[in-house]
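A, B, C and D label the chains in the order they appear, each numbered from 1.
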Amino acid sequence: MVDIKNENQKIEEKMRNVARDLLKEKKVDLIIGYSEGTLPLASAPVFIRDEQEVNKLVWNNSCYVNLAKYLIPNIRENINGEFVDLKVGIISKGCVARSIIHLLVEHQINKENIIIIGINCNGILDRRRIEKDIGAHEITETEVSGDYLIVKGNKFEKKFKFEDYMNELCKHCKIRAPPISDSLKDNIVGECQEVDSLEDPFEDIIDFEKKSADEKWAFMNEVLKDCTRCYACREACPLCYCNLCFVDQNLPTWFGKTSEISDILIFHMVRGLHLAGRCVECGACSSVCPMGIDLSLINRKINQIVKDRFDFVSGLSLEKLSPMMTYKMNDKQEFMLEEN
Amino acid sequence: MLDLYIPMLTNIKSITSENKVNDIKTFEFVFQNDDDLKNFNYVPGQFAELSIIGKGECPIGIASSPTEEGSVKFTIKKMGTVTSQFHKSEVGDVVGIRGPLGNGWPVEDMKGKDIVVIGGGFAFSTLRSLTEYILHKDNRDKYGKLTVIYGNRDSGETLYKFDLEKWEKRDDIELVLTIDREEEGWTKKVGFVAPVVKEVSPSSKNAIAVVCGPPIMIKTTIAVLEELEFGDEQILNSLEMRMKCGVGKCGRCNIGNKYVCLDGPVFSLAELKKLPNEY
Amino acid sequence: MQEKIIFKKEIPKLVKELTKEYVFYAPKNVKGNIEYKRVNNSKDIELEFLNSKVPPKEIVFPRMETMFTYTRNGKNIEIQKPKKVEDKNIIFGIRPCDAHSFVLLEHFFNFGEFKDDLFLNKRKNTILMGIGCNTPRNTCFCTSLEGHPFKKDDMDIFMVDLDDRYVVSPISDTGKEIIEGLSWLVDAKEEDLEKAIELSKKAESMISTTLEIQDSYDFLDSQFSDPIWKEISETCMGCGSCSFLCPTCTCFDVIDEEDQYNNRGRRMRIWDTCQFCLYSLHTSGHNPRDSSIERCRNRILHKFSYYPTNYNLIGCVGCGRCIQLCPVNNDLRVILKKLNEIQKKEEKTIVA
Amino acid sequence: MNEVITEKAQKEDWEPKIIAFLCNWCSYAGADLAGVSRIQYPSNIRIVRVPCSGRLNPFFIIRSLVDGWDGVLVSGCHPGDCHYISGNLVARRRFAILNDLLEFFGIEPGRVNFMWASAAEGERFAVLVRKTTEIVKKLGPNEKFKKQW
């Protein structure tokens, strides 16, 4: 049995110490981390500039936001009338670090300005699912005990097994701390892990693909039909940094902006398409969805395609180009029409 | 009013290219329905939502004067989706109009006063409307001295050349044209609008200055006008904002608690100073 | 008029009777989210709920709404106005805060020279049959905004949940008519009414958040360039969750869609939010609200300063949806408290 | 509207409409050759000439489906023959992902087809167009993206 409460406390303590040292030694101007949320099962990102405030940093299993989002555009501040890029320390679980690595591959951020404070993530809870399962009650308090989450409210108490109520993507996650490589050595403090190769059987996807085309279509319709098109998934994704998203383009207008199901599906399809070879499976998009739509299936599928076809896992090394940035002469082309 | 969002249909009667680059054209529309024409009562400075149906809608200031009966004119620069589509359209095409919207220039309050019209570049369209309105034989004696100062990058960019020629021949208007840089064959003034205003130095006594143009021009001109002792109430300005509905419902054109489409687009400098600087 | 009693086991009967004349909207559990949906069978109704996730504004101000359709014939275009909706709606189980939001929406769309009939027609045909909140959430703060978990003024019929039955009190004339039509209802007893009052008091005491918002809007206006806005907006990601699911937010975008293969098209309005950078971006590239600082400020000021100045109403009903749904937990209560503190500080300096 | 189309589909003589994006340097010339050599191929395709298959934004394909085309055919130069050296190789990766993703979302395999055809392969072009038409015809009309008007 894993004692998650204990783990969290250890992570928190380490994280605070590292952050305090960094601020004290003036190695960074700013620490981006998580702070206690005002609601149960929530956490709020926080920007810490003063070492006195380091104790605001917390680690719990609701730290679902991918902090790498805040690195774009570069965090700048007006110091004595001049805009200066700040040096940022960023609390990174495995997936946050991976998105930072991928942003570096895509030349979106400046390596010199970033220090990755690695922590060994122990999984993020799927708060929307817990809320849905509890139904017509309000959660007022949560407590971690062993590998259970105890949710308390007005006249009720419910136990959730951690493993089962983890984010879909966290269940498959194997990179819990920032992946280390030679080129990144100077930028990582705190926890990190060596990642050589990654095997993922993608059983869930293979299972899903047994369905017929119409069944798949119906399933996707059902999953996505609640989408209000608030674009929270897009805004929370650290890799969605386009100045003008394809849905907003109007010369020409590519796709409809209505909440008709075909427009919704296309939005999510193309969003998936644009994440090919880039998605780091952080699960931020699903966690922030106000309607609690689980987008992990699409993201996993994209990663499966990329893994199968191009043998690539995003956000592991700085040297390897993302598959959509390059090509090989002998890529598989079994989907091409042939005469016989 | 179930027709709040329903455009009235018009046909393009004529298209005039206004500048050398050919990205500004003046369109003349005639209403398909005579009742619509009767209901389209506007004052200079108001705008209308023009739509190429199937492409979208955009707010454009009315360039014709209510005294020019039978049709309405709009000067459109090729910028975004709808305006580009306008530049592709031909005479006879169907165009939707919703309007007139906004407050327009306060032509009633301006009566009996000297009017100084200062325009820069493409923003001259509603000023043309105002000038034309004042110059009309029914209205001319209701207003005092009329000074029009109109600046452009070069002579090719000057809009409404036909009207300007017509105005130049009249003696009840002081027309000052200027371009930024010297040019062969240009006999009128050279220089930015603000210094030209200073040179002309219209009297601020019982006068109203109407300023339209690019932000930097407005800023410098207002400084000059203040030097000439124009009060904040005496300087009028027309604002631009992104708009969708034009009737204060879609929400995006607010500056503080004012909606540009309802309370504007014309604001006096005094009003603008009260608003937060978010435009 | 006399208060009536309706037993919970009689709900199917009520639904059956009311669906004859009305389109019956009721809270429904859609994949774990409570939403107000059209219901024909009383089995679909979820009576045990705190509040819906999507506010009932969706019924009168849908996510997308056709403004007109048109057909094209060569160069000619013919415009078809949207059909006037004659359906009469009942929203069953609407909460007092959401009912109050209808007042705000109606005021907004009816304000000034231009009346938005797309909305107003639907609103006119909608009857609110609400239920008081016996158990307000922690995030609720309606009492700070002239509201109350048992506020009945904004509804047509108001109900109080007494475990196995509802005390039904008709408020408006239409409400009275409907209740009169339901002749099988029994009169409420004195003890039921007493219990209802008791519940109301209990609910009020359960609301833990008290904010002083009432008179702060003038003050807010003067704080336009305070550094507080940067602090508030620093972590905002600019998604539209807070305003898409806000019961009082009304902004919309207008889009045209053309079906060029069938020579027809439509213009519609869809929900939009001031939190998107595209919202106020000019074609020229200039954007008056360029960063999240201005956009967050606009949202707060619009609700707590512009709304009161323009309409004498506060543009927030205290339902707490934005607090629950904000992905970065940018808590409106915390923001308002921060603003309150600044105000107090300022007042002190003035006094001193 | 839907009823009309389903009825239409049931009819034996329903013919699919297929949009074909052909690269300027190979496939378009191949189609030309097929025409010049009088090789018969179905008239269901409507050709859009693009400079290179690498020019093809996946949007074009999805948008075609949204616009109601029953099938999409994309054709470029054989790998290694691209006029712009690597356009088709980059495109191939894009198509691979799009192909898999469309299938995952429940668009029938065969709605969107990809092929290579060089300028000299008029015969091959005709055969593959025939094949595409057959596949799409079997699938029936494309109605999944139809909007509620």
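Everything below uses one rule, namely that a residue touches a chain if its C-beta (ideal position, glycine included) is under 8 Å from a C-beta of that chain, and two chains touch if they have at least 3 such contacts.
These figures come from a predicted structure and were not determined experimentally.
Asker: By the contact definition above, name the pair with the higher C-beta contact count: B-C or A-B.
Answerer: B-C
Asker: Rounded to a whole Å, what is the gap between the Cα centroids of subunit B and subunit C?
Answerer: 40
Asker: Using CA atom averages as chain centres, what separation in Å is found between subunit A and subunit B?
Answerer: So the centroids are 50 Å from each other.
Asker: Could you work out how far the Cα centre of subunit A sits from that of subunit D, in whole Å?
Answerer: Roughly 36 Å, centre to centre.
Asker: Using mean CA coordinates as chain centres, what's the gap between subunit C and subunit D in Å?
Answerer: Inter-chain centre distance comes to 48 Å.
Asker: Specify, in ascending order, the residues of subunit D that touch 2 or more different other chains.
Answerer: Where subunit D meets two or more other chains at a single residue, that happens at 147.
Asker: Multi-chain contacts only, two chains or more: what residues does subunit C have there?
Answerer: 253, 255, 257
Asker: Residues of subunit A touching 2+ other chains?
Answerer: Those would be 256, 258, 260.
Asker: Chain pairs in touch?
Answerer: Taking the chains two at a time, the touching pairs are A-B, A-C, A-D, B-C, C-D.
Asker: Show me the residue ranges of subunit C that touch subunit B in the complex, using the header's touch definition.
Answerer: Within the complex, subunit C touches subunit B at residues 67-68, 70, 72, 75-77, 79, 81, 84, 108-109, 111-112, 114-118, 121, 221, 224, 250-258, 265, 267, 269, 272, 274, 279-284, 288-289, 294, 298, 301-302, 305-306, 309-310.
Asker: Once bound in the complex, which stretches of subunit B touch subunit A?
Answerer: Contact set of subunit B toward subunit A: 56, 80-81, 84.
Asker: Using the touch definition up top, name the residues of subunit B that touch subunit C in the complex.
Answerer: Residues 1-7, 9, 51, 53-58, 79-80, 83, 92-94, 96, 240-242, 244-245, 247-257, 262, 276-279 of subunit B touch subunit C in their complex.
Asker: Where on subunit C is subunit A touching in the complex?
Answerer: 29-34, 46, 48-50, 53-54, 63-64, 135, 137-139, 234-235, 237-241, 244-245, 253, 255, 257, 268, 270-271, 273, 276, 278, 323-325, 327-331, 333-334
Asker: Touching subunit D in the complex: which residues of subunit C?
Answerer: 69, 257, 259-261, 264, 266
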